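Here chain A shows up in two complexes: once beside chain B, once beside chain C.
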Partner chain A sequence: MTWRRAMPWAAVAVVAAFCGLVLSQFGLGQERASDAELWMRAAASLGARNVVSAIILGVRLLDTLVEVIVFTVAVLGVRYFLKIQEESTKAGEEIPESPLVAASSAILLPGILMLGAYVTVCGHLSPGGGFSGGAIAASALLLAAASLGAERVSARFAESRFERVEWGALAILLLVTLAPALLGRAVTTDLLPAGVRGNLASGGTILPYNVLISVKVFLGSWVIVHHFLRHRGEI
Partner chain B sequence: MNGVTALLILLVLVAGFALVQRRRLFAILGMSVFSLLLSAVFLLASAPDVAITEAAIGAALGTFVYVLAIRKTGRLMVAANDVPGLLHEETGVLSGFEVDVLRRVAAASGLELVVGLMSRDEVEDAVRRGEADVAAGGIVESPDAQPDLLATEPHLATAQFTVRTPSAQGPSAIFRGEVGDLIDAVRGGDEVAVDLDLARLLALSRATPRQLEVARRDGTAGYVFLVAGERGDLLQRVNAEIDRMRRAGELDEIARRHLS
Partner chain C sequence: MVGWQGVAAAIVLFGIGTLGLILRRDLVVKLLALGLVNSSVILALVSLRARPNLVPPLLDGPTPQALADPLPQGLVLSAIVINFAVLAVALVFVMRLVERYHTTDSTRLERRTHDEEES
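What follows is the complex of A and B.
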């Protein structure tokens, strides 16, 4: 094996050795952190079964909100800076896809969208939430783009209307977050009742937050990918 | 050894696999498998939320973006032998019948055509090693096909000609060298007796003022492109485009432009 061919393996070995060292120092998943009980209690008080959701959308809501804004700025950047780039020819769109991909995407598409919706809506009960649910649903659109071509998917889903929904979701998200302050309460107050833990209608504002974030991520991911495809950029 | 340790070792191997791949699609699939394994590690480390996100972003979204990206920005790598009329480079510009055909094949798949010129023996090896997608440059279809290479449908008819300089002695032999060397030899006054295909014969007769005795041998053959044995998908795409060009009359038009 020449040095040129061995180099990637050497790089992997060095990184793996470093990660192994770190993991051996901290252990991996053997035991829960000592303050796990504390977090469980915090989640229970918010009516959520999923501790992670309770933390990111309850205790650390502002972090999540700023993350959504960072994502929005990224989408904006892609949208407006790629407009400067020349649009690519449509030649790539006309690739005849194999019937296998077309048929399997038709079967998988509703299932993936459904899974995305489920992961979003049940984010406070089971692992998941708005970010992952939106990403799963966006992968369904990409599957459609692979079998039909990105432009056709964009036309079918009326992308211009997308934009309004996307901004609307962000506006409502900010409004819901600011609502307690507007009503003269502390910013982190949850206005909705915690509900019975384990029910779909529980967890206070976690469910609406998840849905709004999911819509934002779903549309934003599609916009990013579609713009990359349309303006044969540096990907 | 517990499950997590086994998965971590597998992660390292898959990462190495993805890094050393020559074909970008395999590297992308390697990264996709890497993400799936990593999400399994997260799951075993009691982080199901992170596992779901890793699977959705890494294995699904990321893979799609990469696949769509290489489809839009990919290259069709061609290893070719220089044959005037078919595929010839002069002052850095490529021209010829096969160049035009390959340009259309590449455009039909949304790819950019990249041609590397090399000797006849190296052309086939480059495809075998996966360094090039297509072998081109006056490859005549042969009945004793190599099992590890697939030939496309012929895109241009040819025949074998026996070419002799007037005082050449002995039987002719199939010429397997560079057409440029042959031209230099004939110009330099060497006596040769070789069997040539149509394009190489035309190149030779145009390049030298010497009188050549040309006799057509029985049978016809066609020029083909070669792809690696496991690239049935590419073979199908090239054949489909050649077939389309033949039916649209484009092949005849390109042949007239370059060979008449």
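What follows is the complex of A and C.
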């Protein structure tokens, strides 16, 4: 076996050895005391019922904010590079979609959009949140683009019209996150009251964060999907 | 699937993904392999603290001992979002390369860029 052929296997062996080393350090199989109680206390002080959202938008708030910025940069990259390319290529030909898909998507669309909104708004009460809610709502637009044609959907849901909303959501998100720091308090201070746990209006700033992130993810995903579709032509 | 079984499956998937990244020459298949590697990392993170009979981490429920550890679930969100962003941008670059060199084969791409440099 030549060296060139053996190289991939050597790489796999190195990766496997590394994984084994890491796992042996973890002490897999040994029970550690759970940190769940610690996180539950943090969630209770924020007034959120969903402990995961209390971690993401409470303890790890800055991480999540940087994540949103990474997502924004990716959307910008897709928009920039495909815009250059679109000028040099003509739009693909339209392929008519079967009436069955069009009819069933008309029935499913409102339901999917509603589910996206519900998952976003109840992110602090039950599993869900801004990222998943925004992605669900964007999948509704993908379905509409598949059944009605991307250009017809984008004519009604023009990207340029919502560009301001997208950037506005990011700006408000940054402002809300930095507001405690601007007011001279610790960055993770919650400016809104915790409220009664289990109510919709509880969890402090988690609900507004979820809504803003959802708007950002929804519009950003649509930009990505739309640019890919427009370059490729219709589905 | 709990604990070590999940981690074992994740290591196997990671290996398959890494092999695909190295051995396959098609750029789109390479990206699929990258997605597989990412999913295996998510599986490993979640199953490291997975135990039987745990319930979702919601308050007002049973005792803390019965709750699943919420920290890995919070952490994998970053992995999912970053993977989505990386794949989207990488696909755009593949599209640009196909537009210019009319192939997704990495060896041919290398040859064509080399030819272009020489001419």
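Descriptive notes on the structure:
FYI, the second predicted complex is superposed on the first by the 190 of 235 C-alpha atoms of A that agree within 3 Å, B and C clash if a C-alpha of one lies under 4 Å from a C-alpha of the other, contacts with A are read in each partner's own complex, and residues count from 1 in each chain.
Going forward, a residue touches a chain if its C-beta (ideal position, glycine included) is under 8 Å from a C-beta of that chain, and two chains touch if they have at least 3 such contacts.
Owing to the predicted nature of the structure, the values given are computational and were not obtained by experimental measurement.
In the superposition on chain A, A:Tyr118 contacts neither chain B nor chain C. Using the contact criterion defined above for the overlaid structures, shared-chain residue A:Phe157 touches neither chain B nor chain C, since it reaches no partner.
Within the superposed three-chain model, A:Asp63 lies in touch with chain C and out of touch with chain B [touch as defined at top].
Once chain A of one complex is fitted onto chain A of the other, the partner contacts of A:Phe71 are limited to chain C, with no touch recorded for chain B.
When the two complexes are overlaid on their common chain A, residue A:Leu229 makes contact with chain B while staying clear of chain C.
When the two complexes are overlaid on their common chain A, residue A:Arg5 makes contact with chain B while staying clear of chain C. Judged by the touch definition given at the top, the superposed model places A:Ala43 against chain C, while chain B stays out of reach.
Once the two complexes are laid over each other on the shared chain, residue contacts for A:Pro127 go to chain B and to chain C alike. Look at A:Ser139: by the touch rule set out above, it reaches chain B but stays clear of chain C. Overlap of the chain B and chain C interfaces on chain A: residues 8, 11-12, 15-16, 19, 23, 28-29, 50, 52, 88, 126-127, 131, 228.
Of all residues in chain A, only 7-8, 11-12, 15-16, 19, 23, 26, 28-29, 34-37, 39-40, 43-44, 48-52, 55-56, 60, 63-64, 67, 70-71, 73-75, 77-78, 81-82, 85, 88-89, 126-127, 131, 197-198, 224, 228, 231 touch chain C in the complex they form. Across the complex, chain A is touched by residues 3-4, 7, 11, 14-15, 18-19, 22-23, 48, 56-60, 64-65, 67-71, 73-74, 77-78, 80-82, 84-86, 88-89, 91-93, 95-96, 99 of chain C.
Within the complex formed with chain A, the chain B residues making contact are 4, 8, 11-12, 15-16, 19-20, 41, 44-49, 51-53, 56-57, 60-61, 64-65, 67-69, 71-73, 107-110, 240. Chain A makes touch with chain B in their complex at residues 5, 8-9, 11-13, 15-16, 19-20, 23, 28-29, 32, 50, 52-53, 88, 91-96, 119, 126-129, 131-132, 135-136, 138-139, 142-143, 145-146, 150, 221, 225, 228-229, 232, 235.
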